[in-house]
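The structures considered in this document are given below.
Same chain, two partners: subunit A is paired with subunit B first, then with subunit C.
So, the complex of A and B:
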């Protein structure tokens, strides 16, 4: 026997999730410091360089916000499904699908003017992500197929589709051995907002705010949360779970697809295999840390954007950029642990004999 | 297509299949106990880099295998702590484990990229059997780790189906509350199952870097951990069927780089999608079947167990 077990607190600790995430970050920094010391780096120097790169200048801020865009949209995509108790593990693939459709639009309309082209590309990317998510949505709603596994498998499928496209039919004939599509037309680039951030920041902020507002005020959002907390209650209230699952998962995919479209027109300037860059997976951590709330998603996305910008900055001085991924995962573990202790407290397990003794 | 190329293909089918089988067996054991662990890809990567480092350092594949198992097992304990002991979400914790493991492996392996792997798992001393035509190289000349994987598969089947330990493990995965009432420690059973799963994923990583890829590079796992997760479903949570699936998926992995030489004019990239497409297909079939008979998946999978909330 372990001797300890967890008992639910009568009242959860105040400040719940914010406190948990802050604790998680602290734990991650400490654990990360151990790793850095082991590999012969000075953690203080590394962390200072990272923070400085992310927040030390207006250029740094603009880069951080730029990275927060795909993280925030992917996080929102996961959160939309998550608030109904569904797991969309496929944001990574839906980002790629969005980028593929965006690039396809650009191939079809190379001469359209900038505004029209970008708008249609983004609409295409929303459709692309939504269409890919339609597969897990239909199989889950109609047949009850576990959406965790189907979305996971579709990630692996769609990454091979983009690999095929940029190595085969869409390969740029002028880029020698590099597997990449030809550059997008010049007018397809999203306009700059400030520094290195483009107006994708505004689009993402608008989508997050709009969705947060709508979900908290509308009947649709209420039904969503009701279905998430109890399927039986929802069905009793006359909500069609099937239709809800179908629309929510497809919407989730569409949001992730938009992230792919913004990434394509905003920063990558051509379709490449690595267009999703792990943002879909990071989005799952973002949504989990934000407890599936849109406002929280925005805050966590900015924090994670900063960690990634910091990770790239220290790469220059020879520290592997993978420290950024390590820190993100550690933040999640730390926050999950802290979250559990916010709701539960460890108590000593009384053995049967001591109970009898107390009774006697 | 001559005999040499066919034999070469079959040798790889078996080797890749058994590498996948090791990881899938580990995931199967964890899932049978009711714990979904999506960290396989990360545990394989860490096992792979640990095997490469220690195997080269000590010049011994055995030490490489042991260290890889320890590394995979230790990593899985994070998932066991977060998702089992503390009852956190299994999906998020497992995915974070993959992100963590891939990051850690890239971090630890930065100095080993593109170095040649020195020690390899050698063949068993089976004498004249290894000289047999076709079956010699394809079966008897396989590394001892391949044989070990077969033994582990048989052992897993035996323990799960024929012993009280296996019965308890399956009970915990089907109905944790019932198993708890019957005096089985749910947490302990699940922690051990997740730990064994981690060790086996570490072994698979060692197989990959020492014998198959013959070196370490970032991304050497290339989605094979996800294939292992898929295999458990494909094999309907049974060691035997999972072995058949492993050979099939291993066959696709082995076929991929050879298609062009066989004169087949399909992109190998498209062929590499097949394991995932097949898995989705199988899942759909299971779901249709489960309307008429009980589901093949462990019932308690994905659910944390807290005694006072049963």
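So, the complex of A and C:
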């Protein structure tokens, strides 16, 4: 049996993850160039348009950062759970729950002043996401029910809840039949920071920086990594796994909920069914590229946002939408695959099975 | 010493299984060194030996998992050259592993027929055939039940059925009674006898003398990878000579470490009373163990692997719950509290599974070194990284751990360095008592010496040590007292100066 297999690197490459991901993206751009040539485009022009749209102007930067906000928060939510070996596949649903709670607060306090209203709405959205995640947290901690399944299934449930709300009790009577809630009070919109970015960028940057620092430097973060290494090791070190699972999964949901609140107040300005817009699922990719390290999420989220903005821009400039989508997918795919080589190295497979097993 | 009694050696090359002069080397280990095995058709043949004697390797050679470096495998006079377990199965050799290989959501019949039935399967027909086969050999089972709701004994019968379904003429059962209740074990004995009557050869790997004399006709004993007794009749086997065969003659008296400060037995640092522990299958793994360790006393726990030593250690450390019993560490009753409070009361634990339990392979040297102390490194919620590194440097220097860098993952360290780091960390908390499980296993001579020196130094300074080891020489050299565990119970106790390999070995095999 000659061939290759992947072996985990005992010592991670120095700066290897960044290098590997960058190489992967570059290779994807080269592959994409062939595709563009085949469809009659000039790859150089297309790539220039993409880079320009994402980073070439204050407007471009603001759009990129605006997209990085939900991506980064959802990525952080997944990464916080992932650093102790838990999979939160439910960030999408938790974003929706956050938006629902935020919208509910706005319905209750329509006349509050802007600062108070926004603050309470965001607190509400944190609670909403956290509460939704509390269900899989309890079932995992108490009964050992696999959180991948429960968080994933809850997405389906909450999406029906929001659909019911915007089609039923919270439906805007003036929306000409569109399934959407009435607009939020004007003072509930997040103030603009620059260009198309609102102060959600600052909130997300604060949360990401805070967690990045806290997870890598605190006792809490250390316990998280121990538990992520092995449950047995964590128990041996005297850590209460149940409590850890409960708090970490709930926290993960709360962070995703905050993303929902910021989307609601900053971008959609009313509750709609598609408020989560796939951010929660994209967050899984963001977290995976950041190797589940909260400190790496922000950079990945910005890069991810830029790819999306660039992809949109070339569609506007006349590149067929399908090609633009393939390009986006290629770049992410290249980054993900290359990321594997930051963690693993290819090894020649030797013949018989006897080399793998030690004597008994 | 080599004994050849019972079956005549002249029948080499005749019917049945013949393994001759089998050598198998792994990096750093010679697992089989000229081992042989001869099993007649229609017999139940025991293969005995300590852990590491080479039993499993020899069986894997017969079952096609390993290719021997040297030696021949003959079945019914024909030389075999197995390249895979599938080859061995085609030639009629099947192995029932300790870990069952069944699909829980499939029925008994589906598991049995899986991989060896025509493309189109009539469910009823297969169930019918499996039932008939089971009846023929007295295997009680229900062909259409799903495996997940079967007991361990029933699952084992499905594994045996799988072998019979493929018409295996040679069945290797690897420690088949380890997962069974006593009643199920007796049932297995009857099944094995029926299969032998049918002309099949059964190879029964076991540590337990009682089972061997009840279920088997002949026995082969391995030691250090070689066969020291080939095909002896089990009637000739008793506890004394089996122990001698398995652990070797007491030719050299183990050098006992001289102690400067004798142990103070009046002030116990660890008292365990009537401890009972169930394993994950609900089978009793520790059965009413009581023991006490005095200040500065080293108590050795001897026993063949899997006789309750590991769950005993885990239960004392609070990592598994005990059904009954109490644990007192240095006058604090910790029976009702978790691992953290037991550590605080003065208990340290060097677990058998270094990288899976005691250390986190992906974390750095510093992060591993602060597993016990992180709560107090730095004020408030943050860890003082400089202080953690300083603490780690001290540990690494003191116990001479060779590391690439404090912030490198420990996965790259050698076994000896890992163990120095682990032991050093466990001693840094100034414990009253240390549980050391297989503390020197897999280490080179210097590593063994270093760890043993550290343990004895600790005992001299008044720390009580519960030393669990499969290395009899280590136990004899270090222990003030040796207790022997068999099937979860302490069956014998010897003062250190009176214990010998023969006495302890005899107690280990159940013949105290």
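Heads up, the rule we're going with is that the second predicted complex is superposed on the first by the 284 of 360 C-alpha atoms of A that agree within 3 Å, B and C clash if a C-alpha of one lies under 4 Å from a C-alpha of the other, contacts with A are read in each partner's own complex, and residues count from 1 in each chain.
To be clear about the criterion, a contact is a pair of C-beta atoms (placed from the backbone, for glycine too) under 8 Å apart; a residue touches a chain by one contact, two chains touch by 3 or more.
All values reported here derive from a predicted model rather than from experimental measurement.
Q: Could you tell me if A:235 is touching subunit B, subunit C, both of them or neither one (first, second, both, neither)?
A: Only subunit C is touched by A:235; subunit B is not.
Q: Is A:208 in contact with subunit B, with subunit C, with both, or with neither (first, second, both, neither)?
A: Neither partner.
Q: Is A:217 touching anything from subunit B or subunit C once the two structures are fitted on A? First, second, both or neither.
A: In the superposition, A:217 contacts subunit C only.
Q: Based on the superposed arrangement, let me know which partner A:103 touches: subunit B (first), subunit C (second), both, or neither?
A: Touch partners of A:103: none, neither subunit B nor subunit C.
Q: Just subunit B (first), just subunit C (second), both, or neither: which does A:285 touch?
A: In the superposed model, A:285 contacts subunit B only, not subunit C.
Q: Between subunit B (first) and subunit C (second), which does A:307 come into contact with in this model arrangement: first, second, both, or neither?
A: After superposition on chain A, A:307 lies in contact with neither partner.
Q: Once the two complexes are aligned on chain A, which partner has more residues of subunit A within touching range, subunit B or subunit C?
A: Looking at subunit A, the partner in contact with more of its residues is B.
Q: Just checking: does A:271 make contact with subunit B only, subunit C only, both, or neither of them? Give me first, second, both or neither.
A: neither
Q: Counting contacts the way the document defines them, which residues of subunit A are shared by the two interfaces, the one with subunit B and the one with subunit C?
A: In subunit A, no position sits in both the subunit B and subunit C interfaces.
Q: Where on subunit C is subunit A touching in the complex?
A: Per the stated touch rule, the residues are 24, 26, 29-31, 52, 54-57, 60, 65-67, 317, 319, 338-340, 343, 349, 351, 353, 356-363, 367, 370-372, 374-375, 378, 381-383, 385, 404, 408-409, 411-412.
Q: Give the list of subunit B residues in touch with subunit A in this complex.
A: Subunit B residues touching subunit A: 36, 38, 78, 81-82, 86-89, 91-93, 95-100, 102-104, 106-107, 110, 185, 187-188, 218, 223, 226, 229-230, 233, 267, 269-270, 272-273, 276-277, 279-280, 283-284, 287-288, 290, 297, 302, 306-309.
Q: Name, in rising order, each residue of subunit A that touches subunit B in their complex.
A: Interface residues on subunit A, with respect to subunit B: 1-2, 5-8, 35, 39, 87, 89, 135, 139, 143-146, 148-150, 152-157, 159-161, 163-164, 167-168, 278, 281-282, 284-285, 288, 320, 322-326, 328-330, 332-333, 336-337, 339-340.
Q: What part of subunit A is in contact with subunit C in the complex they form?
A: Residues in contact with subunit C: 10-12, 214, 217-220, 222, 225-226, 229-230, 232-233, 235-240, 352-354, 357-360.
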